[in-house]
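Contents: one structure, followed by commentary.
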Amino acid sequence: MKDYDAPPPPPDYDPVSEEPKSPMLAAINMSLTSWTEGKARIHGPIMPPIVNRSGLVHGGALMTLLDAAAGYAGCWCPYPGRVRRAVTLSMTTNFLKAGRAGFLHTEGRLTRGGRSIFFATAVVRDDAGKEVASGTGVFKYMDGSDKLYGVEREEEA
Amino acid sequence: MKDYDAPPPPPDYDPVSEEPKSPMLAAINMSLTSWTEGKARIHGPIMPPIVNRSGLVHGGALMTLLDAAAGYAGCWCPYPGRVRRAVTLSMTTNFLKAGRAGFLHTEGRLTRGGRSIFFATAVVRDDAGKEVASGTGVFKYMDGSDKLYGVEREEEA
Amino acid sequence: MKDYDAPPPPPDYDPVSEEPKSPMLAAINMSLTSWTEGKARIHGPIMPPIVNRSGLVHGGALMTLLDAAAGYAGCWCPYPGRVRRAVTLSMTTNFLKAGRAGFLHTEGRLTRGGRSIFFATAVVRDDAGKEVASGTGVFKYMDGSDKLYGVEREEEA
Amino acid sequence: MKDYDAPPPPPDYDPVSEEPKSPMLAAINMSLTSWTEGKARIHGPIMPPIVNRSGLVHGGALMTLLDAAAGYAGCWCPYPGRVRRAVTLSMTTNFLKAGRAGFLHTEGRLTRGGRSIFFATAVVRDDAGKEVASGTGVFKYMDGSDKLYGVEREEEA
């Protein structure tokens, strides 16, 4: 993504991660809005397709948000042009209350980093600040990503 | 959806559940293909938006499939015009291998039904039959849905 | 426990819960040390049988502590002679670091109470305050126990 | 433990693992009864301290059994004098029915082995074969233990 000078960013370009937007997050109209050391925030409206016919937010959407925010929290990298990647090993979500209207505010937090493995939690809140769902996950860094320095960002198609 | 007489079912009508298709499943191109006592199957292609730039299936999509299949498994109702509804209380997913190409085959199974609470598991397999992800969940029946007879299907807008 | 008049409380009587001590906690030398609204603390030494031959605290002991502390947190009852009871439906534990020496300090916290179901979390820390393990659980109140007023304490044999 | 000729095995010696018995399992009167490739069985009576005053098996005991059986399942090593060691990263337990009397039969099964990480499940059944609790865990092999050949058994005090 280095000679990105002339053309404007494509529509799914994410200004916070400086990467193409996650297709799954894009599909549910959610955006990464903040990414700092050990923390990540995702924000977006409650609208189709994440609401079902009863107007409730679908559990799959909540788990998608929690997984993404927790994963980002563990993969923050301060070095330009470099990234850290991880895969989720296990994720548990508790569904605390129904999400119905307005926006969803998701915050992920690195609980414990380590060599190869990290733990992170995340919570989805509604506009009133009430917890809608919370999750905890175990993640495994991909090779080279357990260091803050990460790996060179590949030019992905 | 009450004066449903003349026009054909809309494109998101699900022939297996005989209900409008789940918007979240529709958004990821997945369909309920079988629903019998204590079992449900969901099937669909690995294609955007459930794949990320590396060609891997997104964890959020896998959790969506597991939650849906496990939930359906506990809510089977043999009586025409009647349904059973439940909410997920907790869901744990283990990510076993990367899903890359072809189709995803998800099967949910009721582990233990009970008064008000049921437990169900689900597994997502690839075309080779390898387990991509497995999940276990705890669900709570909505009022009246713990009985096989369920409740009258509401005409939902 | 009905003719409990003359003799002093047996050694496994718990002064905080004002009930006989949990046999499982007693077996691992752990005691409930604080119990207030939505919170419970359990404390005790790292000694056999909870350490294995390598000197590491056994995961089963950590899960026992987390389950107990989280369960207590949801069952606090301010009325003398009355109690609240619950069963654990599901519990997830993340093992964050090895526990090796000194004491274990466990704190449970009610996350969300509700009708019939409550969610609670707990964390085990070592003497340095480092998190050794954390857990989240889903619990179901037994009949009458979802109200703060609880039920009359039965005289259990 | 190789020149173990003269003295009889100590009381906590486990004939199946050919190692000193796990102190935590010993404390709850449970024994490893079978250990084969990818499988392990643990067996023992429902008696104090694993029953509470209501006669129900304590959740902590069930989680201890599930963790141990699942962990053993992933650490089977066919080479004399050699062992494989792992730590649990995360464990989720669903409590399916009350365990009350007789014996508990726990079976662990390796779901997916891998480099450094393995997944395993376990189930605790009562004498009637009914599932009392089921668990799924993520484990991390200690150095050298991801290979079937394992590491030399240390002489542990």
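First chain written, first letter: the chains are A, B, C and D, and each begins at residue 1.
Simple rule for what comes next: a contact is a pair of C-beta atoms (placed from the backbone, for glycine too) under 8 Å apart; a residue touches a chain by one contact, two chains touch by 3 or more.
Everything numeric here is computed off the predicted structure, so don't read it as measured data.
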Among A-D, B-C or A-B, the pair repeating the C-D interface (over half the contact pairs identical) is A-B
Could the interface between the copies chain A and chain D be described as same, meaning over half of its residue numbers are common to both, or is it different? same
Chain A to chain B, mean C-alpha position gap in Å, rounds to 24
Computed distance of Cα centres, chain D from chain A, in Å: 36
Round to the nearest whole Å and give the separation of the Cα centres of chain B and chain D. 34
Which parts of chain C, given as residue numbers and ranges, touch two or more other chains? 89-90, 92, 94, 138
Mind listing the chain D positions that touch chain A in their complex? 89-90, 92, 116-117, 138, 140
Along chain A, where are the residues that touch chain B in the complex? 20, 22-24, 26-28, 48-54, 58-61, 63-65, 67-68, 71, 87-95, 98, 156-157
Contact set on chain D toward chain B in their complex: 92, 94, 96-97, 111-112, 119, 131, 134, 136, 138
